[in-house]
Amino acid sequence: MQTESLHAGDGPPRPRLALSGAVKAFGPVVALADGNIDILPGEIHALVGENGAGKSTLVKILAGLYRLDAGEFHVGGQSVSFRSVADSKAAGISVIYQEPTLFPDLTVAENIFIGRQPKGRLGLISRAAMRQAARDLFDQLGVRIDPNRVAEGLSIADQQIIEIAKAISQGATVLVMDEPTAALSGVEVERLFQVARNLRAQSAGILFISHRFDEVFALCDRITVMRDGRYIATHVTSTVTVDAIVHEMVGRDVGALFPKVVAPVGDTVLSVKGLGRAGVFADVTFDVRAGEVVALAGLVGAGRTEVARAVFGIDPYDRGTVEFAGTRLRPHSPKAAIDAGMGFVPEDRRKQGLVMNLSVGRNTALTLRDRVARFGIINGRAERAAAVEWSRRLQVKTTSQEYAVSTLSGGNQQKVVLAKWLATDPKFLIVDEPTRGIDVGTKSEVHRLISDLANRGIAILMISSELPEVLGMADRVIVMHEGRITAELSRAEATPESIMHAATASLERAQ
Amino acid sequence: AVALLAGCASDTGTNTGTDSGAGGGTDGDLSITFIPKQLNNPYTDVVLGGGESGSEEAGFAATEVVGPLEASASSQVSFINAETQAGTSVIVIAANDPDAVGPALEEARAGGAKIVAFDSDTNPKYRDVFISQVVAKDVALIQVEVIAEQIGGSGEIAILSATANATNQNEWIKFMEEELASNPAYKDITLVAKVYGDDDDTKSFQEAQGLMQAYPNLKGIISPTTVGIAATGRYLSTSEYKGKVALTGLGLPNEMRPFVKDGTVTAFALWDPAQLGYVAAFAGKALADGTITGAEGDTFDAGELGEREVGADGIVIVGPPTVFDAANIDEYDF
Amino acid sequence: MSEPGSSTTRSSPVTPADKISSLDTRLIDTTKTLPTEPKGRTGAARILLGRDAIMIYLLLAFVLYASIAIPRFASPVTVGFLLLDVIPVLLIAMPMTLVIITGEIDLSVASIAGLTSALMGVLWESGLDIGVVLAISLFAGVVAGAFNGFLIAVAGLPSLAVTIGTLALYRGLALVVIGDNAVANFPPGLTAFFTSKIGATGIPTVMIGVVVVALFFGVLLHLTPFGRGLYAIGFSKEAATFVGIRVSRAKFWLYVGTGSVSALAGIYWTLRYSSARSDNASGLELTVIAAVLLGGVSIFGGTGSIPGVIAGVLLIGTINFSLRLERISDVVLIMVTGSLLIASVVAPSVFEALQRWRHGRRMHKTLPQVPASGATSATAPGVQERK
Amino acid sequence: MTTAPTRPPGTAEHTVSAVPSRLGALLRLRELPVTVALIALVTITTVVNPLFLSPQGVKDLLLNATIVIILAAGQALVIITRNVDLSVGSVLGLVAFGTGTLFVTVPGIPIVVVFLVGMLLGALLGAINGLLVTVAKVPALVITLGTLYIYRGLNNAWAGGTQYFAGDRPDAFGALSVDTVLGFPLITLIAIVVVVIVAVYLAGTRAGRDLYAIGSDPDAAKLFGIPVSRRVFLAFLTNGVLAGLAGVLYASRFNSVGATTGSGLELAVVAAAVVGGVAIFGGSGSVVGAAMGALLLTTITSALTALRVDKFWQEAIVGVLILSAIIIDRIASVRTARKLRISEARNV
């Protein structure tokens, strides 16, 4: 049906929205040098590119958040110059940003309808109507979230679902989604796709950004590729291959994505026994050995992150033990974990992985505070040298070590996180969704890096929601479901079917 | 005295540096600086008005008024320091705390300055003379007398004072308590409470109100501070206690006039504040000239107020308190 | 650790072993090249042009101006009086800087100083040895700070609210302890010591102690791992936790720090003015905070430095004393303080806006060509590339 | 990918426990602790000293609270947007002195005009705060600490030693804080009307809800397209108007207005809002709570006096009260969070 709406009628349909020659610079950084996009009614248009290619910048221009330095912007055939987000909304553009924008103190319903709350008597807001409207939306999306609950403490997946509900409830003619699926599991992604297709059928135009090609090819009608802030090409999906797109994105060929080399496995480094935390996870027992990559798989919300957090000492636990290199680790103390030789690359880079306003250099050296100090006094030169060295090794793209890390693109930020942990010479590294929101090129670098680390005897616990990543990287796969381990699979046993079975089925062990 | 009283009240500039080389001074480069408890206070302004005309008449070449905006113990010290450095000949100070200003005053003296305390004394060892409004005991007795008369010689009374550490107020209160205890005429009067309004309008107001609630049988209030008596007057006049609870103390006629007219207050007392500053200026001049040293028995000329004598402890008494009531209040304007 | 001085980028002092360093060769040839690392501002330039430096220049400029324009200003006597006046603010500003850098605040400092003063008075009057009196008073400050620290760091309550509460509580306790009394008869030798000067320099002897305190907090903030952690906490508590910074513990100790230094300030206040009263140092909290913010510390946490704060405190102190010497009313002082405070935060954002505006204009001037080149690819982006 | 089961795992149980009982909702009200404390305080005091609730006693309690209630309502508005206004005491002082000046310099000026002029002056001062905060985008705490000093300085420079007394103002003006309707003093009725209007605005209008959104996450609010600057500016402006109103009422109620009127009020007002359950970092709380907080804090002073508690203890007790309010609020929110966790927990 999509092709029909694309090619029906005589002559090309008028785009809902068209941006051309867009330029946006932040001081010396030109985030967008030549941005072009057109979105037709009734199409889903993918925008792909490496980290830092300028996708989110383009989105923020469409949203009215940034003003163009140069270029033309037409909506519905009219030249526009948005002065604010409100202008963009009024023009029928609705945006889901890369980072969720919920208000933690407000209820879920209010979050969806803020600024457009239904009014009741005396022109005042009607909470009942608002709740009902939220319920209706959730029914449409097939999810059940309490509309009365405050948004504080919602899981990332639930937050993303609320963002989607918010966007579709605005009845926009153009829906822009910046990596909406990054935090979603297969089930939720599928439901999101259903919603997107429905909207397309109602002849809305959708811009969809993702680093996952399976999604792009499954959903989108056309694909626009960007590189280094420039428009490269637009293709009709059926006429291109993944390899061609990747080539355009990166500017060269990309080899094997998952260069897993099976490394010799050494002694047990981490041993978790009977770990439990009431209401979160229970009876979690597993080992990780030197040189081994163990993947913790499962659906989003299975409790994998919680287990990792407890192991690393961020959260307390009620039962069980964590042994590291033979000695029991003090619970609830990240410092003890780090001192023992653990590192943790958390899933939420912006909130947990990095201190966003601190410079790249300081972030990189943050884990080395004690090591670059002598008699309690920091050696500033050693600190800087270490930061420069590790940025260089991980090829962090930044103009200066002094820039706030928030000015880097997502992928480069992730490299800084990795750099800061590798700098500590860890014996054991937890990587939680290490490639979330990371482009193919960098992704393969990260995979290579993980694999290399394992080769050098570092034990790795990898949490990932991407099955190809799990299958490609892991020596062993532990599958969790609803806070319990439901399967432990060797590399040979791990197949998409066995993992999904264990991840969705209930307590009987899948084998 | 009344002439001065009325005449000076209108002259209430604070920061005026009066350069009057004229007058009867011997050498023309003597300077005097007044440091009141706090600037921007109506009572203080009257005192300073007297001080400025006094210093002009006495022949000071330069008169300055400096001071803190809030009356805390230590806030006067840096002003004293600056005067020390400026080489001021006479510093006239109303101490917020008798001791906190001590070290700074000693430094000033070491630099050659003469120290005159007025209104509120410092520790005697830090100053040359203290110009006292009135004999402390007289003030205390007048207030007790007035309140006793108004409540008919028996019943509960309370005191609403300024800050808890104010030297002068505390001295008066001490005399009041002694008098109430020793004089048989007051045997039926009981002092039930002492509260402090910190010379803050709002605070004094609420303290007054609290007294009413805590002591339902209260017959009278003595407030020996101009801010306190005015605030209490305002509360009484706006409440059901108007005319039922007597109020007296020390107040400025201009502030108290409406309360006297509307019957909230029958009588209250005060000395002439302008005379205080006036005498202080002349005492300063005499000290600077070397005419007096501040020893008991020294006498000096105080302009139109005639000759004054330094009493025990270097205290100079200015004059008797006046009692204001509906009959005479319109004769005063300060 | 290995030699920290080695300047070649290759051998970082923290490179633990060669096992990881051999990774880089593999990585480099797999992907695109890194742009060469530009130096940014060098260390010296950064220090000379930074926010703190501006504060210091401002201070120097004002001192110079005052020395020329105000008679009697340029003298050791000024130094003495001025420093004696700023010492309490300077003292408390040191730990306060650290507290604000972590994104918290402590409004109870002046009340702690008052409580200390009240305690000193009562204990001294009860006949205890002065050494014991000082020790107990200081300890009271530590306890008061620890109580703040407990509520904020351990119980996780918002510091602004908590310290408004303890502001009232500690001042109230001071009243309970000493009531309306004032104690003045401290040992003359001791009170004299607190106003004495070092030789003819005019510098108060107690400045030695103040310098020690300033050095302690300066080193702690700028040169220790603990200090590095504080900046991280100020920007993001959560991210700080993930690198093993013990956020609660750090905050707790910072409040113990403000408590004890406030107690020192209270002791200084009592002995300098030789008067122990419940209302000593009241209202000082806003003065301290104003000085700290003027010194370039961001109220949101994460930025600021001790040298900047010292310059800020001294600037206000110097302006204050100059006005006194000129016999200009305190009215002017509070207005100058207020304006400086606002200017210090507004100026950078005005400057930034100006830069953005200039940048915008430059972009619009230079860019007409860019869309032209873009236009070729953009005439009909949807159609043009369909192969 | 496997085909979707009917609902995602993990979200199954949410709605079951979500239907809140009326009682539960009542117990979760942030205004509850302060209300309970107020009732307890008044009850205990009245039992010990029945005069506390005499008509005059009640009138005094209300009058005392009136001015702080108005200030706290305005402050709540600002705090909810994650800002703060420390300059209210200075604004009140300036307006109060301005009121005194008006009556003296323009004899026979209608009282309504004085109210309008006072609120206008307040609006101007509030607008300056608002402009500096929103246009220069700098933290409100710093800006309003600065204007706290500047406005106070202006007041000092303007007033000097001049003070205007109750006698300088028309009796009808003073009568506003003496006369009562149904036991409520007129100025208290004004305060109640203010609280009701602000409460309805905050709870029932889109713009009001925007303020909560802004306080909850200012960055997200900007991304979402809420006119953050305009709303925050308006909050400061309104707070200025209310501080101006409070200044006029101050002149009606108290005896003298001068250079120091209203100084030191700012922390008391913030404390009142906090005690009333307004979260200091924005996003939650209500004006009704703030008003209750103001009533509680002013009542405690009167109650302690009525109970003849040594006045030296009063300030300490106020401190304890503020701390208890924060701690109770914290315990409540921890409990809600835990409940939420349990209701959504996995069965493990």
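Which chain is which? They are A, B, C and D, in the order written, and residues in each are numbered from 1.
Going forward, a residue touches a chain if its C-beta (ideal position, glycine included) is under 8 Å from a C-beta of that chain, and two chains touch if they have at least 3 such contacts.
Here the structure is a predicted model, which is why all the values come from computation and not from measurement.
Please give the pair of chains with the highest number of C-beta contact pairs.
Top-ranked chain pair by contact count is A-C.
Provide the C-alpha centroid distance between subunit A and subunit C, rounded to the nearest whole angstrom.
Taking the mean C-alpha position of each chain, the two centres sit 37 Å apart.
I'd like the Å distance between the centres of subunit A and subunit D, where a centre is the mean of that chain's Cα atoms.
42
Just the number, please: Cα centre separation of subunit B and subunit C in whole Å.
43
Which integer distance in Å separates the CA centroid of subunit C from that of subunit D?
30
By residue number and range, which residues of subunit B touch two or more other chains?
Those would be 39, 69-70, 196.
Identify all positions of subunit D at which a residue touches two or more other chains, and write them in rising order.
As it turns out, subunit D has residues touching two or more other chains at 156, 279.
Which positions in subunit C touch two or more other chains at once?
179-180, 283, 329-331, 334
According to the definition already given, which pairs of chains are in contact?
Pairs flagged as touching, ordered by label: A-C, A-D, B-C, B-D, C-D.
Can you check the complex and tell me which residues of subunit A touch subunit C?
For subunit A paired with subunit C, touching residues are 12, 15, 18, 20-23, 25, 27, 33-34, 36-38, 40, 69-72, 222, 224, 231, 233-236, 239, 250-252, 314, 333-335, 337-339, 344, 346, 351-358, 362, 365-374, 376-379, 381-382, 385-386, 388-395, 397, 399-403, 420, 422-425, 441, 444-445, 448-449, 452-453, 456-457.
Which residues of subunit B touch subunit C in the complex?
15, 17, 39, 64, 66, 68-70, 72-74, 77-79, 81-82, 84-86, 97-103, 107, 123, 163-165, 196
Can you list the residues on subunit A that touch subunit D in the complex?
63-65, 84-86, 88-89, 97, 100-106, 110, 114-117, 122, 124-125, 142-146, 148-149, 152-153, 157-158, 185-191, 276, 278-283, 299, 301-303, 481-484, 500, 504
Give the list of subunit D residues in touch with subunit C in this complex.
84, 132, 136-139, 141-143, 145-150, 152-154, 156-157, 264, 267, 270-271, 274, 279-281, 310, 312-320, 322-323, 326-327, 330
Could you pull out which subunit C residues touch subunit D in their complex?
Contact set of subunit C toward subunit D: 107, 151, 155-158, 160-162, 164-173, 175-176, 179-180, 283, 286, 289-290, 293, 298-300, 329-332, 334-335, 337-342, 345-346, 349-350.
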